[in-house]
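Please find the structures below.
One chain, chain A, links the two complexes that follow: it is found with chain B in the first and with chain C in the second.
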Partner chain A sequence: MKSSNLLSIGLVGGFLLAILFLAVGSLATEWRFPALLPERYTFEHWEAWFQKKAWMYYLVLSLLLSAAVSITAVCLGLMTASGLSRDKRSFLWLRLSYLPYGLSPVLYAYSMQFFYHISGLAGTWLGVYLAQLILVYPFAVVLFFTYFDSSMHHLEDQAGSLGASRAVVFQSITLPILRRPVQTILIQLFLVSWFDYGITSVIGSGQLKTLTLIVYQYIGESNLIYSSLASCILMAPPMILWLLQPSRSTKQDIPV
Partner chain B sequence: MAFLEVASITKQFGNQLVLDQLDFSLEKKQILAVLGRSGCGKTTLLKILAGLVSPDRGSVRVEGQPIQERPLPERGVLYLYQEALLFPHLTVEENLGYGLKVRKQPKPQIALQTERMLYDLELSAHARQLPSQLSGGQRQRVALGRALLVQPRLLLLDEPFGALDPETRSNMQLFFKKIAQQYQITAIFVTHDLKEAVNMGQQWALMEKGQLTHYQQLKDFSKDPKTGLQQEIAFWKKIDHQL
Partner chain C sequence: MQLFNFTWSRAFFLLLGVLPSVAGLVYSFLYSIGGTGALSTGWTGRYWLNLVEEKAFWISLGLSTLIALAVSLLSGWASIQLVLRWKSQLERPWSAPLLRLPMLFPPIVAAFIGYQWLSNSGLLARLAFLFGWIKEPEAFPALVNSSNQLGIFFTLFTLQLPLFCLFSWHQFKEAKVEQYLEQAAILGASKRQQHWTIAVPILWSRMKPTMLLYGVFLFGAYEIPLVLGQPYPGMLSVFLHNKFSRFDLQEIPVAYAGTLVYALLVFGVTLYFFKTPNRWADE
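Right, the complex of A and B next:
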């Protein structure tokens, strides 16, 4: 068997093992060390979870937040990268885009907390959305920047020479050519927002809870069953996105 | 008044003076072949004429009107690169019709003009193929046809056949001459290949160190030792004599 096949099997196997652990944990009644497996399995926890309407609220809130953050960041990042790539000092701008990553998200949130409190945004959906966006937006710029090379500029210029306005060039040339990177980066940014703990925790001030925060809460309470159960639900959207992700995420061939 | 008038164009990148007080003019339906070595400023000149680069000084007038202040889509000047730059997500016929589509021409008219152009380009069988499925020569033909369909006032060709193999390049030169005649093109054809410059031009120019020398007649071009044409002729005469 080829080493690449073995590696693929190893990666998938390791991932499935983690999912299996969470699934088993969510169905266990008692599972204490040193037992290798739970004594009994039940769906009662799942039934109880779904009977509570709150989970739906957290799920929808988390989905809306991550979707809004990733879509806004992709739109802004695409336009910013396109503009910056033509600037004489594009290299400097690109370096500046890395600045927010000098701080960890939680430190950044902590340092900004004061401003969110006095502006009344702390503990609100809008506040967490803005805080996540400020962190994710430069990430989008950095990712998109590499796609705006001289080949892309020449294609855009050619379309402009043929009579297309800047908006038409963007819509008819830039976006279709970058369709795959846009999809991939959208998914990546969605996941950054989806699994964020630091920013949501600090700026949300305990008043805004996402699924990720719920999982952390159960883990903090050493509640294996509910932390496993919430983790299973937390992993569902990323799994769906993984399945929907384009098989080839590199830039489409630009003929020369 | 000439169709194209370029006056005192100067361009400097950092400390390097690329174009130095460059002047020339071109009549309508004429092809000016500009010969020059790599790095002599040919591409910068074309990019300034196309509006892709701003000059530090000087003016460009087409039919007496300054075009520098006009937005790119309204200039009517089209720049063709060495690469065909076909839009990779569009088919051959969609690439050809792109300029007409963005100019909001009616669909039946686009279809009709595209079909005619495909016939002229001898590419009817490739209408629904993507650029990646074409050969280098075919891509260049599509790029040329796409440019011609929008009827540019001035066509700028920057070593358009430079990336092609010698046989395809020779075929494309013949093809371009035929199409240029058929569509009555006004063009500036830039090349570093002496033979290509002689073949493609109706007027000639030599570009050197940011300066352009314009020759109305081939004999004037030939007489100037800087063009290298006399040496080329002497070389082949010598070979012929030896044979």
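Right, the complex of A and C next:
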């Protein structure tokens, strides 16, 4: 019992320590081997980062990109799952939704790169938006599928037989029931897009920078301070969401 | 009375959800047999032959399979053992959010932290120096960018274990394992028997689909092996990415052939295991 307690503390503590490590790293002036902690701390790097217009521009664009991808995918996924779940062979559609996950995102991007080049979308924000949407949309369908079960169909049909139009059924039956799942799935898809590196680096053709690519650039330059700083910013949205909804447990935690 | 009728949903799904993947795979196939591409001179099987003859490809494939299996199975097994020991703690409201902590880490950040902690001038090496176990950074065992791939394994395992604990805990509740254990205790089963002959087999068989699904994700891991692995041959995604981005254009059709092998392998394994639900109930 004691050893498992130690392990639990170690496991959870390790992740909290990792977050602390990033914060300390971003405030360090110098942090060379064998020092366990930096010699001095400064806010200079943070100030410099936020004063640099180009970085702020990429930060805002990264946020907008992920917001656009997740909102579109949720809307489309909701509508598609609503229709497909009515089919007797719905399991087939569900299985097809897993198709993009057969490849890792970076290889998926390479397999489709040609189409982005000929359409002139490679290296553009629209191209990256579309590529990310194509990746997360089937995921949205899979996630919403579980909620369109027979009881949901029954409720929708009952409202329909009482004379409600499609829009009214959706607005007053489907959406209120799915309010929490919609929020959760929106957050999940936002994070998939926000964390993406492979698709943006391939379809963006090195011409676009999102925050993940900036982190990788700093890692490549062996710049500990700015890698930590950009990592802190990259982790800020999921961290805020985590702190805001600490005890939420949803169906989506369970993949199968 | 759904918002979108079935015909529209199907058409839309096929267009946005299925067509791009299929088009990508068809294009990859055409490229790999010389049907298209910058240096295409007509249909040929030599790129496939090059791939099959390339030793590094098989090493990459084996390495990815090994790491995916090791991380998935070991973290699955460890999560079951931990959940059975942590039962009382897991009931507490803060345990689930804490186990979700790894989800906050983008793979690229996890890779960065893995590097900063495990490299020979990293945090662990500094601690080892502080305790006098090593005299210089080079004396610290090579965990990152080394052929033993331990840095990749540790990082993926650490990210996976808490999530698997969450899933195992869900299965523990869903399968009502506690009730089985109580019944077994009434019938005289020892703690050891309850653990190994009842709880572990139930959870293991229920965790298998999750382990497979995550095994597939781990097989395609990219950012973590990119930062923590060896540049060559590396895990499969990194190996193929390197081929795609090399200046030698002759490598690109080979990379497309490799991508197809990867896709077929994943589809084959997934289809085989998900075809009949009974396949999971063997044990």
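Definition applied: the second predicted complex is superposed on the first by the 227 of 256 C-alpha atoms of A that agree within 3 Å, B and C clash if a C-alpha of one lies under 4 Å from a C-alpha of the other, contacts with A are read in each partner's own complex, and residues count from 1 in each chain.
By definition in this document, a contact is a pair of C-beta atoms (placed from the backbone, for glycine too) under 8 Å apart; a residue touches a chain by one contact, two chains touch by 3 or more.
As the structure is a prediction and not an experimental result, all values here were calculated from the model.
*Asks:* Give the label of whichever partner, chain B or chain C, reaches more residues of chain A.
*Replies:* C
*Asks:* Should A:176 be classified as contacting the first partner (chain B), the second (chain C), both, or neither?
*Replies:* Touch partner of A:176: chain B, not chain C.
*Asks:* Counting only touches as set out at the top, which of chain B and chain C does A:238 meet: first, second, both, neither?
*Replies:* In the superposition, A:238 contacts chain C only.
*Asks:* In the overlay, answer first, second, both or neither for which of chain B and chain C A:137 touches.
*Replies:* second
*Asks:* Answer with first, second, both or neither: which of chain B and chain C does A:18 touch in the superposed model?
*Replies:* Only chain C; A:18 stays clear of chain B.
*Asks:* Touching A:38, do we find chain B (first), chain C (second), both, or neither?
*Replies:* Touch status of A:38: no partner.
*Asks:* Looking at the overlay, what does A:154 touch: chain B (first), chain C (second), both, or neither?
*Replies:* So A:154 only meets chain B here.
*Asks:* After lining up the shared chain so the two structures overlap, which partner does A:164 touch, if you call chain B first and chain C second: first, second, both or neither?
*Replies:* both
*Asks:* What residues on chain A does chain C touch that chain B touches too?
*Replies:* The overlap between the chain B and chain C interfaces on chain A comprises residues 157, 159-161, 164, 253-256.
*Asks:* Given the complex with chain B, which residues does chain A contribute to the contact?
*Replies:* The touching residues are 151, 154-155, 157-165, 168, 172-173, 176-177, 179, 252-256.
*Asks:* In the complex, go through chain C and note every residue touching chain A.
*Replies:* Checking each residue of chain C against chain A gives 1-6, 8-10, 12-13, 16-18, 20-25, 27-28, 31, 36, 82, 85-86, 89, 93-94, 96-109, 111-113, 115-117, 121, 123, 125-127, 129-130, 137, 158, 161-162, 166-167, 170, 209-210, 213-214, 216-217, 219-223, 227, 237, 240-241, 244, 255-256, 259, 262-263, 266-267, 270, 274.
*Asks:* Spell out the part of chain B that touches chain A in their complex, as residue ranges.
*Replies:* Contacts found on chain B: 50, 52, 72-73, 75, 77-79, 81, 83-89, 98-99, 102-103, 131-132, 139, 146-147, 150, 163.
*Asks:* Chain C touches which residues of chain A in the complex?
*Replies:* Chain A reaches chain C through residues 1, 4, 7-8, 11-12, 14-16, 18-19, 21-22, 25, 33-36, 76, 78-87, 93, 95-108, 110-112, 114-115, 133-134, 137-138, 141, 148, 153, 156-157, 159-161, 164, 166-167, 169-170, 174, 191, 194-195, 197-198, 212, 215-216, 219, 224, 227-228, 231, 234-235, 238-239, 242, 246-249, 253-256.
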